[in-house]
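Quick one: the structure is below, questions incoming.
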Amino acid sequence: MATIEIRDLRLSFGALDVLKQLNLDIAEGEFIVLLGPSGCGKSTLLNCIAGLLDVSDGQIHIGGRNVTWEEPKDRGIGMVFQSYALYPQMSVRGNLSFGLKNQRLPKAEIEQRIARAAKVLQIEPLLDRRPAALSGGQRQRVAIGRALVRDVDVFLFDEPLSNLDAKLRSELRVEIKRLHQQLENTMVYVTHDQIEALTLADRIAVMRGGVIQQLADPATIYNKPTNLFVAGFIGSPSMSFLDGHITSAGGAPAFRTGDLTVPLAGYDGAVPAADGRAVILGVRPEHVTIGPDGAGGLPATVDIDEPMGSDSLVWMQFAGQTLSARTAPGHGLAAGQQVGLGFDPTRASLFDRDSEQRF
Amino acid sequence: MVGADAVAGRLDGPTGPRPRRALSRRNVILYGTLIVIALYYLLPLYVMVVTSLKGMPEIRLGNIFSPPVEVTFQPWVKAWSEACTGLNCDGLSRGFWNSVRILIPSVVLSIAIASVNGYALANWRFKGADVFFTILIIGAFIPYQVMIYPIVILLREIGLYGSLTGLVIVHSIFGMPILTLLFRNYFTSVPEELFKAARVDGAGFWGIYFRIMLPMSLPIFVVAIILQVTGIWNDFLFGVVYTRPDVYPMTVQLNNIVNSVQGVKEYNVNMAATILTGLVPLVVYFFSGKLFVRGIAAGAVKG
Amino acid sequence: TELEVTHWWTSGGEAAAVAEFAKAFDAIGHKWVDGAIAGSGGTARPIMISRITGGDPMGATQFNHGQQAQELVEAGLMRDLTDLAEAEGWKDLVNPPSLLDSCTLDGKIYCVPVNIHSQQWLWLSNAAFEQAGVAVPTNWDEFVAAAPALREAGILPLAMGQQPWQTTLAFQVILTAILGPEGYTRVFGDKDAEFAGGPEMAEVFQAAATAREMSQGSNVQDWNQATNLVITDKAGGQIMGDWAQGEFQVAGEVAGEDYTCLPGLGVNEVIMTGGDAFYFPKVDDADITQAQEDLASVMMSPETQVAFNLKKGSLPVRGDVDLAAANDCMKKGLDILAEGNTISSPDQLVSPDSLSQINDLFVEFFNDPNLGPEEAQEIFAGLIADAG
Amino acid sequence: MSNGKRPTQLFRNLSAKIAAIPMILTAVVVFVGCSVWTVVYSFTDSKLLPRTNFVGLDQYERLWGTRRWLISIENLAIYGVLSLVFSLLIGFLLAALLDQKIRFEDTFRTIFLYPFALSFIVTGLVWQWILNPDFGVQNIVRGLGWDSFTFDPLYDSSIVIYGVLIAGLWQGTGLVMCLMLAGLRGIDEDIWKATRVEGIPMWKTYLFVVIPMMRPVFITTLVIIATGIVKLYDLIVAQTGGGPGIASEVPAKYVYDLMFQAQNLGQGFAASTMMLVTVVIIVIPWAYLEFGGRKHG
Amino acid sequence: MATIEIRDLRLSFGALDVLKQLNLDIAEGEFIVLLGPSGCGKSTLLNCIAGLLDVSDGQIHIGGRNVTWEEPKDRGIGMVFQSYALYPQMSVRGNLSFGLKNQRLPKAEIEQRIARAAKVLQIEPLLDRRPAALSGGQRQRVAIGRALVRDVDVFLFDEPLSNLDAKLRSELRVEIKRLHQQLENTMVYVTHDQIEALTLADRIAVMRGGVIQQLADPATIYNKPTNLFVAGFIGSPSMSFLDGHITSAGGAPAFRTGDLTVPLAGYDGAVPAADGRAVILGVRPEHVTIGPDGAGGLPATVDIDEPMGSDSLVWMQFAGQTLSARTAPGHGLAAGQQVGLGFDPTRASLFDRDSEQRF
C-alpha cells in the first residue's frame, strides 16, 4: 500500500544502456505487470526498484520517500524470484523467519507472522520440510510467503511462475490474483508470458529495449496496441499482419492489399486520408470469420489447420500473405480449400508502415 | 521349452537387452589399457612399500620389485623414531607433530581468508576488485624464488621471521590465489537470486556469508581443504626457509634423513620415511577423492 | 644456556665428530642444540644466511673458510671475536696462519677455524687391484695405466658421486697435482688467463678427460656411496678429501692394509688449507653471548681439536697438538702440513660467484663427453680472465 | 531533477572492502611489491646482501652468457613442451577412458590421482630409485637375461631430462585427468546421443566434437601445467640434483643456487626477472581473456 | 515412411521401472506425440526407439525389421533434441555434413542433400555461421536439418521447442507440421506441452508413470479423455471437476452435487444406473454458459475474472466447488455476482470416483 514513482531512471552496465530515461508512476494498491521480450530490461528495472542494482541516474520513490540510495531491506519491499531462491539448507520455517530474525523481531511476533502467512498460502503442513523436499508449486508458495511475512507495502515478482508447468502456472496465477485482492498491496510483476500479464494486471507496461512502449490496462493493450511491436507481442495466437495501403472505396477509406479491398468503416481510430499511404493492417484471429467460398467474403485458401482442443486455428493464404483465424474445432476445413473471409474493421488495428504507430 | 506359453504372441528374433559379452573386444582393450596404466601408477608405491619392508641385505641383492622374503618393520620403526640427522636421532616423529602444528592453523586461516575473498569477489563486486584479483591470479604463477628473499625481509620487518605465525602467513599468502579463484568460481555459480533474496531479507555481508553461503559450499570446501592439506604438508621450501630447526616440518625432516647418508644408503628406511611422510595426504585423497573430483567440477572448470 | 648450532655434517663420520664438540660444550654447563641440515653446504648455507639476515640468528653456524660469510661480516651481523682470540693467543697457535687470515677482516677476527681439510687425496682399494692382478699404484699415472685391467676384472676404475661438488673437487685436485702449487697460484691467485690457456693447463684438461672416462658407469649420488664402492672393492679408487677417511674408519678398514691413500695424487704432495670455521651471529642476549664465547673457546681447545679431528679425519688447526692416535694417512697429511706445503683453497682466493661459474664448467666437462678438453680450456681461460 | 543525496561511494559495501583487505595487501605488497623489488635489484651487483649499487644490464649480459643458464632454459623448454603435450594427452586419455561408464571407476581414479598427493620430493626420490640402473628397471631387465639393455636416464646427460619427465608426468597427470573428467562430465549428454544417432565413431566424436568443446577446460589446464613447469624445482633437486653435471639444471634452480649458494643475489634476481617475464607472457593474455574480457560474468 | 512396433517394452534403471510392458504401434507416415508430465518416461521411450538405451525386455521393430539390438545409426532414424545438441565449433554446414561425411557419401551427394535441407528449412543464408551466432529458432532448425539430411524414415523429436519463447514456438510448430505434410515421414514427437500435442499429432499417446494412458487422435483425447488424469492434463484452461453422485431425475440419470442437480440426458457414453454411485463430472470451461441469475441456470457466484485478451476466464463458486467458464471478454461480470450456469451434458465427461475411468 504505497505508491512507486520512478523518475528519469537510467541504468547502464558499462557501455550498455539498459534503461533509458524511464518514468513510471504506480498507484497505491495497483498491480502493475512489466511485460516484454527477453533482455528488454524488465528484471533490471525491478532490481532497481528493489535496490539490488545501483542506478546510474534518476530517482526512485516508494511511498513518497526517496529511496534511491537506500538498502533493499529498508525500502519496504518483498521480492519473489523465478528460481524461488529459497535457502536450501533451511527448513521452510527457517526460510520464512530468516528476514524477520535479521530485523530482530520478538519470537512470538515471528511465530505469529509465519502462522498467518502459512495459512494464507496453505503451506502449514510443509513448515518443517526442506525446500528440496517440495514440489515446484510449493516452493513458489514458500517464496511468496517469504515476502508476505515481511509485512511490506510493495511486492516485487520476477517471473515467479516461469519455472512451473502450464497447469500449476494457471493455478498459482489465480492464487496470486486472489492474494492481491486480499492484501491490496502494491505489486510489480515481471513476466514475459502475456497470459499472465493480461489476467493479473491492473495496468501493463510493455517494454522493449529498456523503453516502455505502452502503459495501459489489459483491454486497451489488447485491443488498441499503440504500435506494431505491442500488437505482435500481445495475443496468442498472435495477430496477423497484412501489408497494403490506404485507398478510398466509395468515399470511405479502405485498406487495399493485392487486388483485394477491405473497407475500414467504423475503424476505432483516426484513419488517415486516402492518400495511398503504406500501412499494415493487423487482425486478431478471433476477429476473422470464415464463410463458404463466394458467399460475399474475401477469397482465401486454407493452408494448415491447427486443432488446439477448445478451438482450432486455421492458417490461410490471403492475397499472397499468411493469415490465421480462430474457429470452433471440427469445422471440416481441409488444406487447399477455398473460403471467404470476413473482417470486423471496428476491432482491427491499422499501423503506419514507417513509424509502426497505430492510427 | 517350459516358458513357451508365457512368451506366446511375441515375435521371434532379438528380444530384451542386447547381449554383452564380458570379454568383448572393447572391454578387453578398455580395461586392459586401464589396468596397464594403473600398474604403472602403482609401481612406485609398490616399490616403496616392498622396499620399506625388506632388510638391507635383501635390498643389496638388487631386485626392487620382488616382494620381501622376510618382512621386517624395523625400517619403519627406525624412520619414525630412530633415524638420525646430525645429533638428533628421533626420526620423523618430531617433524610429524611440527607439521601438524603448521598444518592446522595454515589450512584454517588460508581457507577462511580465501573463502571470504571469493565471496566478496563473486557477490559484492566493488570498484577495483577485479584488478586486485587479476594481480592475485597472476601472482599465483610467479616462481617462488622471485619472492623468497623479499618476503624474508618483510617478515623480518614485522618481526615474524622464524616464528610459526610467520610460516602460517606465508602459507596463507601463497595459497590465496588458487583458493580465491576456486571460491570465487563456486560462489559465482550459486544463483544470484539467492543472494538478492537474502539482501532483501536484510542480511548483511557477514550474515549472508555465514548463514547462506557457507552451509551450501561443502564441495568446494572439501577441495580447498584437500589442496591445502596436501600442499602445506608437502611443502619443503617455505618450511626450510621461514622456520627454525626446532619447528621443521616433516618434509624437511624427511629430506634430512634421506640425505644424511651414514655409510650405505638405507633405502628401506628412506622408503619407510617417504611413505610415512606421504601418508597424511594419501589418506586424505583415498577417502575424499570422489568429493575432490566433484568439487573440481564445481569450482575449477567452467564450461 | 642453550645454544643452537647449525651445520651440515650429517654423514656417519661427521656426525661422530660433531658429537665431540657437543660433548665438550655440554661438559662446561651449556647445552648444544643441534641444528643439522642435511645435504651439503649448498643446501644448508641459504637457510643459514636467510636466518641471519632474517633476524632470527642461530647461536653459531658453520661456514667454509673464505669469502662465504664476508658480506655478513661487513653488514655487521657477525660477532667480533678479536678479544677472545687475543686473550687465547690464536695468532700464534693457528697453523698455517692463512687459516686465521681468512677469518680476519680489517684486522678483526670473526670466526673460529676448526679443522683443515685437505682435498688432494686418492683413495685406493688394495683388494680391487689384487683382483685385477696389478700392483697398487703409487701415483696418478700408474692408476691411469691400471684402469684397463680393472675394467677387465669388472671393477670400476674411478668411483665418482653425481653431486656437482664432487666432480669439481676431483678437477681441482687433478689441477693442483699437475700444476703444482706455483701453477695453482698463477691460475687462482694471480688469475693469469694466459697461463690458464697454456699448454700446462691443457695437460690438466687432458687428465681430467681421462678421469672422466675412468669414472664411466659410476651410478651413485653421494660421496660416501662412492667411497663405499672403494670400501667394498667394487671400485679401484676415488678422488676425495680427507673426510673419506672417516668412512673407512667407520667400516673398520685399516690404512695401508685395506686401502691406500695418495696425497696430491702422488704427484705433488700439497695440501689445500680449506676447512670449516664457525661464525657467531650477533645477538642481544647476554647469556647467549657468553655461551658463544665459551663455544669458541672450547672449539679451539687442544683436547677438542684432537677428539674432533680424529673422528672427522681432518687435520687440527693448531700446530701444538699431539696426534699420536692418528693413522697412517693422517700422519702423511700432518707431515705435509709440517713441511709447509700448503696452498690456499679457491674459496679463499676467488669470489663465490666466479668460483661457482668455474665449478659449473668443471661439472659440465666431467659429465658431458661431448665437451672436448680444448673447448673447455678455452672457456676456462675466459672465466679466469673475468674472475674477481 | 537529479540525484539528491548520493552517499559517498567509499563506504558502500564497506564490509566487503574490509574483508578484501588481506587479498589487496597480498596482491599489492607481496605479489607486486616483491616482484618490483626483485626486478629493481636485478640491476644491482648485490652479492650476499642486497645493495643498491646499480650496474645497468650487466647481470643480464652475464646471465645470457652463462652456459648453465642456457642449458637450464633449454631443459625447461624440452621439459615444458613435452610435459604440456603428454600431460594433456595422457590426462585426456585417462579421463576419456574413465568416462566410458566403467566399473571400479572410483578405484581407477584414485590410483591415477594419488601421486598428486605426494610431494615432488617424494616423487623425485622414488623415481631416482626406480630409474637407478643398479637396482631399478635396467637391472631387472638385465636380470631377465637381456644383458645389453640400457635404461639409465638419470645417468646419461643427454636424456636425463626425460627421466625427470617420467616422474613429473607420473605425479601430475592425475590432476589433469581430474580437470578433464570434470570437463567431459560437463558436456551435454545430448551431444553424445546426437553423434551416436549419426553413427560417428567414438574417436571422431572426441577429436572433432568433444575436444573443441572443452576448449576452456584445456586452457585452464594448460595454464596450470605451464606455470607448474616454470616453477619446476623440487623434483630436480630430489631426483637429480641438477646432474649429471649440469645436464638437468632448470631456471628455478639456477635462481636459487645463485642467490643463496653462489651468493650473487643480483644474478639470481636477474634470472628470476627473466622467469617473471616468461610467466607474465604466458599468463597475462589468459588472465585477460578469463577475467578481463568478460566484464560482468 | 516406416512403421514402428513396440512389443512388451520394459526398461528399468536399476530398481526403478521406468517403462512397464509398453506396447505401441505406429503406422507409416504417422505423426505420434508422446505427451505426459515430467518424468513419466517419454524421453526414455524415445531413447529406446533410437537405440540410445538398451531395453530391459521386449522388442522394437522399425519398418518391419527387428532392430532391438541394432546400433542407432543402423535404425534409419534421425533425432532432434531439446538442447539442439549442435556441434558448437562447426559451421552449420559442418553440422549438417558431419554425419554424411562419416558415411563416406560422395561430395556432390552431400552438397545436394544439404542444399535441399537448407531450402526446406530456409537456412540457406546461415550455412557458414557457427551455432553460437544463431538465434534459438535458427538453431532448432539446423538441428532438424541434421536429421533431415540423413534421409531417414523415422524422425524422433525430444521436446524440440521447449527452449524457445512462445512466439517462436508457435511459428516452428507450424513449420514442423508443414514439414511432416511435405516429407510424410513417420514422426515421434515428445512434449509436455499440450498445445503442441493437439496441433501436431495424428495420434497422441498420453503417458503417466511409464504407462500409456490413452492413445487416440487429438479430438478424442480432448473430448473423451479416458480417465481423470488425461482429462485434467489436456486442455488449457483445464477442465473443472465437480464431485457428486448419480441420481435419477425424472427417470433419466442425473448428476447431483450439494443440493443441485444436473441432468445428464444425451451424455456421450454409458451412464451407470442411478445407484448413488460416487462420480466426478468434468466440464471444459468453453462448454459452460453463463446466463443472468435466476434465468433457469444453475446458481453460482463469480469469484475471479481472468481476462486473457481474446477470451475471459471466469472462476465461480458452484455448490461449494470451483468451476471456470470461458466467455467473451468484456462481459461485465464482477466478483461476488450471482449468475446462472448452463452445462452441455453431451460434451461433459463423467468419471468413476474410484477407478477414475470415464464412463
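The letters A, B, C, D and E name the chains in turn, as written, and every chain counts its residues from 1.
The rule we apply is simple: contacts are C-beta pairs under 8 Å (C-beta built on N, C-alpha and C of every residue); 3 or more make two chains touch, one makes a residue touch a chain.
Each chain and its UniProt protein: A, E = sn-glycerol-3-phosphate ABC transporter ATP-binding protein UgpC; B, D = ABC transporter permease subunit.
Please read all numbers here as calculations on a predicted model, not as lab measurements.
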Shortest chain-hopping distance from chain B out to chain D: 1
Chain pair, most C-beta pairs within the contact cut-off: B-D
Between chain A and chain C, centroid-to-centroid distance (C-alpha), Å: 90
Centroid distance [mean C-alpha coordinates] between chain D and chain C, Å: 38
Where chain A and chain B are represented by their mean Cα positions, the distance between them in whole Å: 53
Per-residue overlap in chain B, given as positions that touch at least 2 other chains: 148-149, 255, 258
Residues within chain C bordering two or more other chains: 46, 50, 53
Partner chain C, residues of chain D touching it in the complex: 47-49, 66-68, 71, 128, 132-134, 152, 155, 157, 240-247, 256-264, 267
Residue ranges of chain A touching chain B (in the complex, touch as defined): 47, 50, 52, 71-73, 77-79, 81-83, 85-89, 98-99, 102-103, 143, 146, 150, 158
Of chain C, residues touching chain D in the complex: 42, 45-46, 49-50, 53, 68, 70-72, 75, 162-164, 167, 219, 221, 351-353, 355-357, 360-361, 363-368, 379
Contact footprint of chain A on chain E as seen in their complex: 37-38, 165-167, 170, 173-174, 177-178, 181, 192-195, 198-199, 218-219, 222, 232-238, 284-286, 304, 306-311, 313, 315, 326, 329-330, 335
Partner chain B, residues of chain E touching it in the complex: 7-8, 54-59, 61, 66, 68-69
